[in-house]
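First comes the structure, then the notes that go with it.
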Amino acid sequence: MNTGRLEQTALVLANVRLSTAAVLLELRLPETAAAARPGQFLMLANRRTYLRRPLAICAVDHDRRSVSVAMEAKGAGIRDLMNLVHGDEITVLGPLGRGWRYTDYQAVIAVGGGTGVYALPTLLEAARAARIATACVLGFRERSRLVLEDRFRAAADTLLLASEKGGLDVAGTVLDGLRALDPALLGRHAPGQVLVACCGPAPMMRAVAAWAAERGFACQVSLEERMACGFGVCRTCACRVRAGAGDGWTYERVCCEGPVFDAADIIWEEDGDGCES
Amino acid sequence: MNTGRLEQTALVLANVRLSTAAVLLELRLPETAAAARPGQFLMLANRRTYLRRPLAICAVDHDRRSVSVAMEAKGAGIRDLMNLVHGDEITVLGPLGRGWRYTDYQAVIAVGGGTGVYALPTLLEAARAARIATACVLGFRERSRLVLEDRFRAAADTLLLASEKGGLDVAGTVLDGLRALDPALLGRHAPGQVLVACCGPAPMMRAVAAWAAERGFACQVSLEERMACGFGVCRTCACRVRAGAGDGWTYERVCCEGPVFDAADIIWEEDGDGCES
Amino acid sequence: MGANPDLTTTVAGLALPNPIIPASGCAGYGREFAKHFELRRLGGLAAKALSLEPRRGNPPPRVAEAAAGMLNAVGLQNPGWDLWAHDELPWMLEQDVILIQNIVGHTVADYVELARRLEGTAVDAIEINLSCPNVADGMSFGAEPDGVEAVTAAVRAVTRKPLWVKLTPQTASIVATAAAAARAGADAVSLINTIPAMVIDVERRRPVLRNNTGGLSGPAIRPVALRMVNEVYRAVAIPIVGIGGIETVEDVVAFLLAGASAVQIGTAALVHPTRPVDLVTDLAVWCRSHGVARVTDLIGALELW
Amino acid sequence: MGANPDLTTTVAGLALPNPIIPASGCAGYGREFAKHFELRRLGGLAAKALSLEPRRGNPPPRVAEAAAGMLNAVGLQNPGWDLWAHDELPWMLEQDVILIQNIVGHTVADYVELARRLEGTAVDAIEINLSCPNVADGMSFGAEPDGVEAVTAAVRAVTRKPLWVKLTPQTASIVATAAAAARAGADAVSLINTIPAMVIDVERRRPVLRNNTGGLSGPAIRPVALRMVNEVYRAVAIPIVGIGGIETVEDVVAFLLAGASAVQIGTAALVHPTRPVDLVTDLAVWCRSHGVARVTDLIGALELW
């Protein structure tokens, strides 16, 4: 629980291009760097939009007392953030949300697609540091969109890169990537000891959750939803979560109860009918 | 009549500090530099306010194809403009308005106070180029606010600087400065051949106009009024001007019929009751 | 994709070359814009308010800055019928632009007389501005359905020209006032006028505007205008001219999707003088890149959840 | 200048330590803010809307970006009376903050029953949100004076607690609805709630909000709120709580000058979580530097032209 000031001023330390589409921003944020845990996010102010923008914490550097976020051009808010340069200042809320619950597992299979991949490096690194076995399957639209390969390779015992356009390890989706994982690897731990941690487009997360459920693996997903505040007061970031008996459900806050939820608790909405992610 | 594009993109060439309070911005604006005449103004967009801000054209450099404006910190709009640096781009409307009508006179006495002084250098320089005699009386709040002394000195045959706080040529207002002008100088031309050109706070302009009227000099004043468009369509920049017979008057547009009006045509408003300047 | 998209639209039978019209009070009588582009390139021109008698307007300051917009209290300054008919109308008619003349009055009789006189001119359409305070009760004519119906019916009785009724957003239900306009024979409703507002100078402890209050316009009001356009589109069978904070081609498209047959550009044209005509170009580009053959295909094409 | 300015104010007899109150729906039940500052440092807390039955609220997306503001369509999600009384109320009462409980209903009877139950609690004041659609006619209770009067009078009959009536700006005359509240026995009016609005995703041809429409809040609506506060201040003898786009201490002062006895901070606190408590400090500094000994000296001190 963050009991200091939630709103911090961050100095931009670096703006690094990760791919044809993506940029990583390194921000000097000592308190946030000290407190951040894998799967949490920040809310970043920019000069173009009234509301802040949520971005996953993609890296923490304790020596540089910095936190990095990575993003790909969407609307006006992200575009403005991508234009920040060394020496600029922005204000940031964070670290926010409930991250990955990985410590009780013996193996973590991180699965990411699109901008969802940015929520995974800190998880893999923390799992590795906790001597948990790690595998990682990532999907990219095309080869030119591949990002952070070195970090993923360093943190994952096994890394499989998938692209439907080919040119990477697996020609296909992350599901094809998961199916291509060494069966021996998957069989090494009791299914209940394996956590599938997934972040990406909603249909992907849904499919990955189904794949995990078939095998008896635990599965957590990191959801995205439009957020006004990011710290729990406005209730705009609603996501359907099972509650009570039978078909009972309630809207929980992606920013507080999430963004990482147990996949089994999520009631996936039809396209556009509910959670966007 | 400007028949090209009114809205131009200007590259900031320089941001020069003129005094403890003032900054001069040099803008690359080839078409504007070619067309601008003394007493005209620009409307400058900034990054903080929805509406543009009107600023007098303070200098034109034909070689550098640039136009300069000068300003002192007021609200959010001017403050943002003062922060622009070499290489920034802003959009600008201009040149706008009807400037000084000086060509028919044998002598011009330019009188300025506050930010009103910025409307005068181009007038003095143009008058000098047209072999018209020039004098100039400027009032500054204090010595540290003195700006552009070299330019004024170069363009005016006589220059008197006034400050109520002392430390300059005359301890007092611009009226005291005018009274301190060499009587011989004032008597050299028939009164009708002398133009008093004044820009500054409204009470000053009113007093200067009265001084000029007493001596039979022509007098023009450059007014300020809040402006939405600056090019004549919105009618927000109203100023009371005599019209028709007797006490008749009408609201004219400071941005089009002005900013430079014949002082005799202006119906000065009581404080706040009408024109702000 | 190859062919040029068809930008023509009609508002209650009045054909416009495209849906982009400078809004009344933000274009004068067109003279200033005409220095920079040909007015006939526009969908039309909503000329500045016209009253029977000349109006000097309010004392300055008449404009205040607001977040994402501005307040104005110009006070409908205009030369009055006689000077307008002599100096402005002939010039405007020469410009070969669809001319929508906005009118204002203190009483129903004022509106009727103006419409009666306009009936004898070549003006293409009449837009009645109902945000004006009614001398009888001080509230604007547009605040309640009764007021809207009274003015509209009275004007309708004296003109066969296309009649656009411009409504104020300051009402309990824009559907009710739009329906009143439709009932009384309006051909279209123009939505929306500015929202009454105030900005205060805290140092001087005074409103910035000499008139104390003024009308809020610009992007700040855009989502309110868009909601009203769509609300009326769904509930009332009358063509709509969308107005309020339109700046970009995406804004134009949003208003068309919400149900507007044409749009007006006000405040944005004060900051970007050629924006109205630039938007005509942008709209053609947008339609082409989105495979829209006719701009009218966009009207009301919004899919509600 | 030396002495600390007196920031205390009263709203219809209810004493507040200062005029700064987080707005309903933008502060939850105070738990999240309490992690970062002591709630008792605030003038009060306008707790999130409460209904009799639990409400899940609307499906997402519930928020859309707007120029200088945002739209929300949360749909008054709340746990309902039972869970609220069990889980939230006791915690809030422990915080030693003046507690204003906002209530919503589908019918007049809902409001009455909530007020009746609140009468038996230690809540300091009741704020009734009249922007809710009336199940009987679909319009909001606050759109017309009759609706305001009906709800207010019915609630007044069952409670002696300070009763704040929160009005919607979507009405023909805010003076008329505020006067109706006063007539029916309200102790204060809270001005203003959000303005109904829509934002469209032109690529998907759909409203961004799953609810199609939502309420516009933030700086965009500030000048409208300020005008309404001053309009009511001049015409109706009832204390006013000012709300709408307040971000800075100058905004707070502007609302006080316009006639508000206290203010609420909504959207700004979503972007700057400690803004409400920071404004308390800023207000003290502002008063000191402006020679204002008592913040109440500012209330209604606006000089009109």
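Note that the chains are named A, B, C and D in the order they appear, and that numbering of residues resets to 1 at the start of each chain.
Note that in this section a contact is a pair of C-beta atoms (placed from the backbone, for glycine too) under 8 Å apart; a residue touches a chain by one contact, two chains touch by 3 or more.
Everything numeric here is computed off the predicted structure, so don't read it as measured data.
Engineer: Imagine chain C is simply missing while all the others stay put: what groups of chains do you get?
Structural biologist: Ignoring chain C, the remaining chains break into A, D | B.
Engineer: List the centre-to-centre spacing of chain A and chain C in whole Å, with centres computed as mean CA coordinates.
Structural biologist: 47
Engineer: Let me have the rounded angstrom distance from the C-alpha centre of chain B over to the C-alpha centre of chain C, please.
Structural biologist: Their C-alpha centroids are separated by 36 Å.
Engineer: Need the CA-centroid distance for the pair chain C / chain D, whole Å please.
Structural biologist: 33
Engineer: Tell me, which residues of chain B touch at least two other chains?
Structural biologist: 272
Engineer: Residues of chain D touching 2+ other chains?
Structural biologist: If we look for residues of chain D contacting two or more partner chains, we find 64, 66-69, 206, 210, 218-219, 305.
Engineer: Graph of touching chains, which shape: line, ring, star, complete, other?
Structural biologist: Looks like a simple chain-to-chain line, open at both ends.
Engineer: So, with touch as defined above, which chain pairs make the list?
Structural biologist: A-D, B-C, C-D
Engineer: Using the touch definition from the top, list the residues of chain D that touch chain C in their complex.
Structural biologist: Contact set of chain D toward chain C: 64, 66-69, 71, 139, 143-144, 170-173, 195-200, 202, 205-207, 209-213, 216, 218-224, 226-227, 230, 245, 250, 253-254, 257-258, 301-305.
Engineer: For a test of understanding, state which residues of chain A touch chain D in their complex under the given definition.
Structural biologist: Contact set of chain A toward chain D: 1-7, 45, 49-52, 77, 91, 93, 225-229, 231-239, 250-251, 256, 269, 272-276.
Engineer: Can you tell me which positions in chain D touch chain A when the two form their complex?
Structural biologist: 25-28, 31-33, 35-36, 48, 56-70, 72, 74, 77, 204, 206, 210, 218-219, 267, 269-274
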